[in-house]
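There are two complexes below, and they share chain A, which is joined by chain B in the first and by chain C in the second.
== the complex of A and B ==
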């Protein structure tokens, strides 16, 4: 069988055939969607609108473009307050997601289960349930979760936090379980050899090997959570997205750009923080 | 700290895996405090024999006795306790690289601790635990590396951390898999002298697999030669003829040609 495969007489190998199939699928999808280059031409007035919008990129507003009601805080303060709320929602969602991710990630990794529980007993049952929950959590996007929870609980902070925590928890769990399963097993084997039990081996021999990668990934997801938290503002939560939506609808592009630059600054800050933390933990 | 050496008894022990036989009807008896070198070409079964002696694997056929107790009769918990009293130094050292030397050595006691006690000890060691580890690292020659992360240490220093971890178990025997395979010749003598001295001062049975026959003869009292999973020679260093030793490796060369 193997020899027959090696002596193939068609021009493409398995990898080549897969790439070709994907290219064909892409072309097919474009045809179904009736994509044509003419779709790239902006609608009438679109160019003007886009021009007006991007023209303000380098000259964001520092004060309200139309006089606000008495007692409104200055625009810059409003942007900073929006940024603070964006981070708070993201951090709360991420904290909850980390709990989900760690618990489900452990239960969904095959390394957690000792050899004898992998083939019989509760191991496979819990593993399958954990995997199913992980898929369920992350197959629904955070914006969709937000829509569902808005209908159920209304516009309260809990809704936004859980909307972020569920899909992020599912994604963290999936990636964490893979990182744990792919971590080198030599130190775990040595601890087994000196008499450590399964839990000790997992916590001290295996988890430390996966932890630097898990940290780095969690930081990356925190950055994503900040973007999600900002976008949730479009539903009425008072994050940066809420302010962006209001100003955009009033065509106050200068204000929009101030908020966008604030968001940009936030992401850069998280990136710097992550980099310094990574140096300390991973080195 | 002094412990009694442990004795090993393999009786017609065979170790086979799905696709190969690693050890074939091996019968050897190692007394407490003996210093034994396992020699033989690559793939002869030296590591498998060490794993058998270390109670890491059970023989597929035959029996393995530790201090006269049949390992097959022990419960899992008892087996853990037995392993906790055998120091094993792996060829690749198998340390946790992103943790400190101190923490790696502290893990030597896991076999006698609860999960809670183990985590407490590794992350919040007591002053007594720290000084015990410091003393061990000093004994193996790297006392100044106590707080250093293992991945910042050299290969030779890592090996010494691994030896200290095994000593922290207060074992009755040291089983070392190729302790000098990745060390330069001058350092190899240092490491073997260290292992020999440790075995003398603590009354440890010492079993190590080696490639270098000269070193084996110089630092050990007894040689066990393996070839294709079979014990082909076994005796005190002085009693084995030079011819028998050359044959141990030459036979392999002849077969490779065939």
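== the complex of A and C ==
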């Protein structure tokens, strides 16, 4: 079995076989789930709802659709406030995730461990533990972390921050460790030959070569964190998702579209920023 | 070899002359400021970190809520706990996990197909009046419009999170598997489309241009030169997104669609936290297995290319 799996020359070649396997698996799963195109037609009431909802796509509401209680800020301000909160939770979560990611990423990269510790036994143990923690943090989705923390600690702002920080920290750690291990070793080798010790070689030779990629990736994850932070609103934290959920359940589709466009604008803004910064980081 | 000019300079001079980018510096400064603002602006209440109360909550949670309900008031051994876990896994866990996996698979297949069809309209090398040319010649307005609108579509599709798409679609389509699959497919076709278009743009241009001068049409080059060239990388992206799809499919079930998340939400609303933690752990295990599978496939793809 193993030899068959490792064989190079599958019929069709690896890529052809992969494409075919993916298509067959997709069809098989669709059959098992009893998917039929008729499921795509909205159910009764759904048609009306879809019509009403999408009719507002290009004409979002600029003011509350039903008169709000006295003293509520205007709708646009509410959307912006939601966007601000979304960014605040994302930034706080990311800063914590960066700490987790850097510490675990260093411990989990094989380049961090000098040769002598690798053979003596301390290295492999810590490396394995760091890897296991990474996997554990990453395998649980941020919303599931949120659900767990809500059950364990109740609804408070730290719950949201930590729920973002844990899975993102795990992912950052994994990618960071790979980047450190795959960074060019030229300057590290030069430093080592000049007599630098392990820590100096790592910090001054290896790390600077990996740093631009690491920054670029962390920035990309910040963009993802904004989306996650918005979705956490569906669980009671006052980000954009909270407002979307409320307005949708009150059938105020114009307001929903205003929030959706706000989120869209926010994500695109960060993406453009990240893209232009990344181009200069990595080049 | 002639001595390099840099060798003459002092360290101070070298430091002064190092390449610096204003935008990068401003970006870093802004990000640091943003982080400081985030922690101090008052939305994250520092007194929420009231450790004594939190620890108390946590202790109650671990000691009372997490003990299996049916075994709570009696002596129980680990075998009893294992039997309890097995019952839950058989009644809900395994089926939920399989369904999660199936929906993620359908979704990724769909989004790979949609992305494959659309990305030719977004790549700068294929969506022009003179495809795979040497870059000279005038750009027609129509092609520019096609490219811009496809790119904008990709941006819109991926800017809105899967969860929000699913939330909206469940209301319209009802709680079948479709809203979940569509939500995942919409978001991922945006991502795969962009990554695929970038890959096509980055293909080595010479062979494609050569084919063009030999008289091959847009379709010929696309199907028989560009596709084989970019397929490996595209498949890498597909399998990388597959992991994410499975993660998300678990969670999207919380909106009332029968994946693992459905059962998690079910026991969450009933406050059966013991079962909830078990099901979350099962979800993590599923994600882990798919991670390993996708890493294996990607390694083989990399070896093959």
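Basically, the second predicted complex is superposed on the first by the 254 of 283 C-alpha atoms of A that agree within 3 Å, B and C clash if a C-alpha of one lies under 4 Å from a C-alpha of the other, contacts with A are read in each partner's own complex, and residues count from 1 in each chain.
By our rule, a contact is a pair of C-beta atoms (placed from the backbone, for glycine too) under 8 Å apart; a residue touches a chain by one contact, two chains touch by 3 or more.
Being a predicted model, the structure only gives us computed values, none of them experimental.
A.B. asks: Using the superposition on chain A, decide if chain B and chain C clash or fit.
C.D. replies: By the criteria stated at the top, chain C and chain B clash after superposition.
A.B. asks: Pick one for A:68: touches chain B only (first), chain C only (second), both, or neither.
C.D. replies: After superposing on A, A:68 lies clear of both chain B and chain C.
A.B. asks: I'd like to know which partner A:53 touches here: chain B for first, chain C for second, both or neither.
C.D. replies: In the superposed model, A:53 contacts chain C only, not chain B.
A.B. asks: Is A:211 contacted by the first partner chain B, the second partner chain C, both or neither?
C.D. replies: A:211 sits against chain B, while chain C stays out of touch.
A.B. asks: Just checking: does A:121 make contact with chain B only, chain C only, both, or neither of them? Give me first, second, both or neither.
C.D. replies: Neither: A:121 stays clear of chain B and chain C.
A.B. asks: Of the partners chain B and chain C, which touch A:195 in the superposed model: first, second, both, neither?
C.D. replies: Touch status of A:195: first partner only.
A.B. asks: In the overlaid three-chain picture, which partner chain does A:203 touch, first (chain B) or second (chain C), both, or neither?
C.D. replies: Touch status of A:203: first partner only.
A.B. asks: If we overlay the two complexes on their shared chain A, which of chain B and chain C does A:141 touch? Say first, second, both or neither.
C.D. replies: Touch status of A:141: second partner only.
A.B. asks: According to the contact criterion defined above, which of chain B and chain C contacts more residues of chain A?
C.D. replies: Higher number of touched chain A residues: C.
A.B. asks: If the shared chain A is used to align the two complexes, which stretch of chain C, 1-9, 55-63, 91-99 or 289-297, clashes with chain B?
C.D. replies: The stretch that clashes with chain B is 1-9.
A.B. asks: Using the touch rule from the top, collect the residues of chain B that touch chain A in their complex.
C.D. replies: 54, 56, 80-84, 86-88, 90, 92, 94-99, 107-108, 110-113, 115, 118-119, 122, 149, 151, 165-166, 169
A.B. asks: Enumerate the contact residues on chain A facing chain C in the complex.
C.D. replies: 8, 13-15, 18-19, 22-23, 25-27, 29-30, 32-33, 35, 39-40, 42-43, 46, 49-50, 53, 85, 87-89, 91-92, 94-95, 135-136, 138-141, 143-144, 147-148, 151-154, 156-158, 161, 219, 222, 227-228, 230-231, 234, 241, 244-245, 248, 260, 263-264, 267-268, 271, 273, 276-277, 280-281
A.B. asks: Under the definition above, what is the set of chain A residues touching chain B in their complex?
C.D. replies: For this pair, the touching residues of chain A are 186-187, 189-197, 199-200, 203-205, 208-209, 211-212, 282-283.
A.B. asks: Over in the complex, which chain C residues touch chain A? Could you list them?
C.D. replies: 21, 23-24, 27, 31, 34-35, 37-39, 41, 43-45, 48-49, 54, 57-58, 61-62, 65, 99, 101-103, 105-106, 108-110, 112, 155-156, 159-161, 163-164, 167-168, 171-174, 176-178, 181-182, 231-232, 235, 238, 247-248, 250-251, 254, 264, 268, 273, 276-277, 280, 283-285, 287-288, 291, 297, 300-301, 303-305
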